[in-house]
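Across the two complexes that follow, subunit A remains constant while its partner is subunit B and subsequently subunit C.
Let's turn to the complex of A and B:
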């Protein structure tokens, strides 16, 4: 309850901030539409040469693009702006105030900046998923939709946890501004289904660098390709990575309070 | 009654990477860092009772800020203990964080791009302050600091003094019982400093809050604090009343005499002559406190004195003497 209140306070503040930059908002929405056009065009080019890509047809790939953009929205609306804020607060020392606030510092660091207008991307992403599934002609059942939502959430949590670990590294290496460039590079690999990559790479992408978890896996669940055990495993990966990330964050804070002056 | 703040043998040692200048040294230090231990605070002890206003004094790098950061919970000490309001600060319990505040004159809590009013509301949410209590506190702070005209402008458009008022106010919204203020008047002009000072005095009187403050401006300390703690090279050099400071650290008095034909008389055989800008007509000598009576009567007997004053030396001089010991 209190968390929701806090979240709405952050949201309000960020809406006010983005309203202050009108032109910026409009240009960004247009740019975003252009990108979508480009992505659809490149899919079209690929499929003018082949019928399937790693066993996936064009409809399924459009749906995958939708899921990819879902995750990407998280990156752009939360992760990028908050990383910038975080790195700055380490440099100018305002991190001290964040630590001394009676609220979970990980929560404060996650939501203090929200690029609000980016949330219209979510709608766009959902439209892409619906259109893609329609084109592919797959039959979708209610449990499949539920597992899809569950695994999409768990995938987002995996990426979020990876981010927390990356920015927490800043507590050890004071200058680490590239922290999120790495994450974005990894995420971009999730734009195509993990099955197009060779097996060894797929293992890395799925398990060692769990990006596909957030894109391919939920979509496989939606198409009913995963059995119950697999769903359970991927859900567990989400929970486990969150726990690990919280631990790393905590010891990072401890490190910060031991070393800063 | 247990003291609001108690500190035992508190110490903090930093590991600071160290390298010599030059390219070669830079390359070597990339592979193998050398560290040097810096003892920022060494075995400091003190107790502070509820409602006290205590000034931390000391030159740059003396360990004032490090001590404040340990007391607020930001830093873990290397050894020793501290207890504030029954909490160990660095455990960062929410109940503790809700009952204290740290205001640092050189850092911003308010968001730069939005009006202070919005940052205030955000802090209301973070500290879970009920609406009616928030309104009441805000009204009080507004009365004392005249915040209202500042609240609607983006913070980046405020002057330094205006911003500082807002920074202090936002730190007090949750009615903390203990205030740690690190250089709250830094960079402000004389009137700005005085405004903040008056506010803190009034706030202390109204709420009974305990205040520890560090400042470079002696006037802050002399106006606000009855008690001062002097830290130098990480060690506690003095802890006591501001009026007793001169007795302990520099047991001297200043004798000022107004004489006919002043330049004809040599005062140096009575005591050490000193300059005093505030009273240029008189000649001043510094004598040991327990010799004041004897020397005064000698002066009165020997010289054509029209007026004589006996006073404590200015606090600035005393503290400087303390640092140099």
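Let's turn to the complex of A and C:
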């Protein structure tokens, strides 16, 4: 209850901030639509030259684009603005005030900045997933939809946990302030099924920077390609990575000593 | 003049060297999408035998050369100069008797470029052993012809980006305009895929635009895929677009500086 109240306060504050820049918001939405157009065009170019890509048709790739955009929204609406604020607060010591507040510091660091207009991207992403699945003609059952939602959530939590670990490293290495670039850099690999990549790249995007866990794998679940054990494993990875990230965050916080002391 | 450039070089080199960790991150960030395109298209070509005559090796060599060409012809002027107009720190440079955009910012870009090239070299060699491309079509003449072509293409791109950056004299939204410009490059330069695989309409338009000179033309030059006529045509296009881009930049810059009134003035 307490958490929800805080969240809605953050939302209100961020809506007010973005209302101050209305024209910018409209320009950003137009640019966002332009990129969507480009993404669809690039898929069209790929599939005018081939029937399948790594065993997937154009419908599946449009759905994958939708899932990719879910993760990308997380990056742009939450991770980037909060990283910026976090790095700033480590440099100038304003992290002191965050820690002093009577709420979970990891929660505060995650949600204090929200790029509100990006939420329309979520709707767009869901539309892409629905259209893509319809085009692919795959038969989808209710349990498959449930496992998809479960694994999409756990995939997003894996990415989120990795982010927490990356920014927590700043507690040890203060100068490590391009911490998130590596995450964003590899994110683009989530646009295509990981099965088309050469082995070394597949290993990187599955195990090291697990973009594929949040994009390819949930969609495989939606298509019913995963058995029960695999679903369980990927769900467990999500839970485990969150626990590890919280631990790393806590021990990092202990090392924090303020900028001036 | 030589002394001025020497001094500018020392300053800008030191400045870029200071950010070498950031530079490595930038390089990583920039590397990922060509490698993904490479992986996607080679996988399609291997599955289907070829794609409209392009074999898997054609794609590997295309993107491997693209990595170099893109590094040579691209620029970062919007990121290193745009804020100077916005926060007024340009004033200090304007009172110097040299053109800020054509001396300091240009040298800064070249310093950045040489550092990223140094960073790219080992990565490129690793990729070479991972993908094992067959570069047998590359000739020394092709490379020698491509070097001036790429340098001129860099200037074309530089003047265009500089013109867009100079729009900051009027609007705070230059970064959005530049994003749109970037999308045009993606569409017409052959960055996503060799131009002959693009839809016919885009190919037809691309012929008349400068963007293919940044990537597609020098790549084909290096890979030895062009006839003498095509090479001459490409160089003529480069000349024409260099003059056009320079004139546009010059015009926007002059108007902009007249309009300029620094923050706090």
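By our rule, the second predicted complex is superposed on the first by the 252 of 261 C-alpha atoms of A that agree within 3 Å, B and C clash if a C-alpha of one lies under 4 Å from a C-alpha of the other, contacts with A are read in each partner's own complex, and residues count from 1 in each chain.
Here is the rule we go by: contacts are C-beta pairs under 8 Å (C-beta built on N, C-alpha and C of every residue); 3 or more make two chains touch, one makes a residue touch a chain.
Just so you know, these numbers come straight off a predicted model, no measurement behind them.
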Most subunit A residues touched (candidates subunit B, subunit C): C
Which of subunit B and subunit C A:101 touches, first, second, both or neither: first
Partner chain(s) touched by A:13 [first = subunit B, second = subunit C, both, neither]: first
Contacts of A:93 with subunit B and subunit C, given as first, second, both or neither: first
Partner chain in contact with A:242 - subunit B first, subunit C second, else both or neither: neither
Subunit B versus subunit C as contact partner of A:24, first or second or both or neither: second
Subunit B versus subunit C as contact partner of A:34, first or second or both or neither: second
Subunit B versus subunit C as contact partner of A:111, first or second or both or neither: neither
Shared subunit A surface residues [contacts with subunit B and with subunit C]: none
Parts of subunit C lying in touch with subunit A, wherever the complex brings them together: 21-22, 25-26, 28-29, 31-33, 35-36, 39-40, 43-44, 47-48, 51-52, 130-131, 173, 176, 179-180, 183, 186-187, 192-193, 197-199
Subunit A residues touching subunit B - in the complex, by the definition given at the top: 2, 5-6, 9-10, 12-13, 16-17, 20, 92-94, 96-97, 99-103, 108, 254, 257-261
Touch list for subunit B against partner subunit A, complex: 14-15, 40, 66, 69, 72-76, 90, 92, 94-95, 97-98, 102, 104, 106-109, 111, 113-114, 118-119, 121-122, 124-128, 154
Touching residues (chain side subunit A, partner subunit C) in the complex: 23-24, 27-28, 31, 34-35, 38, 42, 44-46, 48-50, 52-54, 175, 178, 181-182, 184-186, 188-189, 191-192, 196-198, 200-201
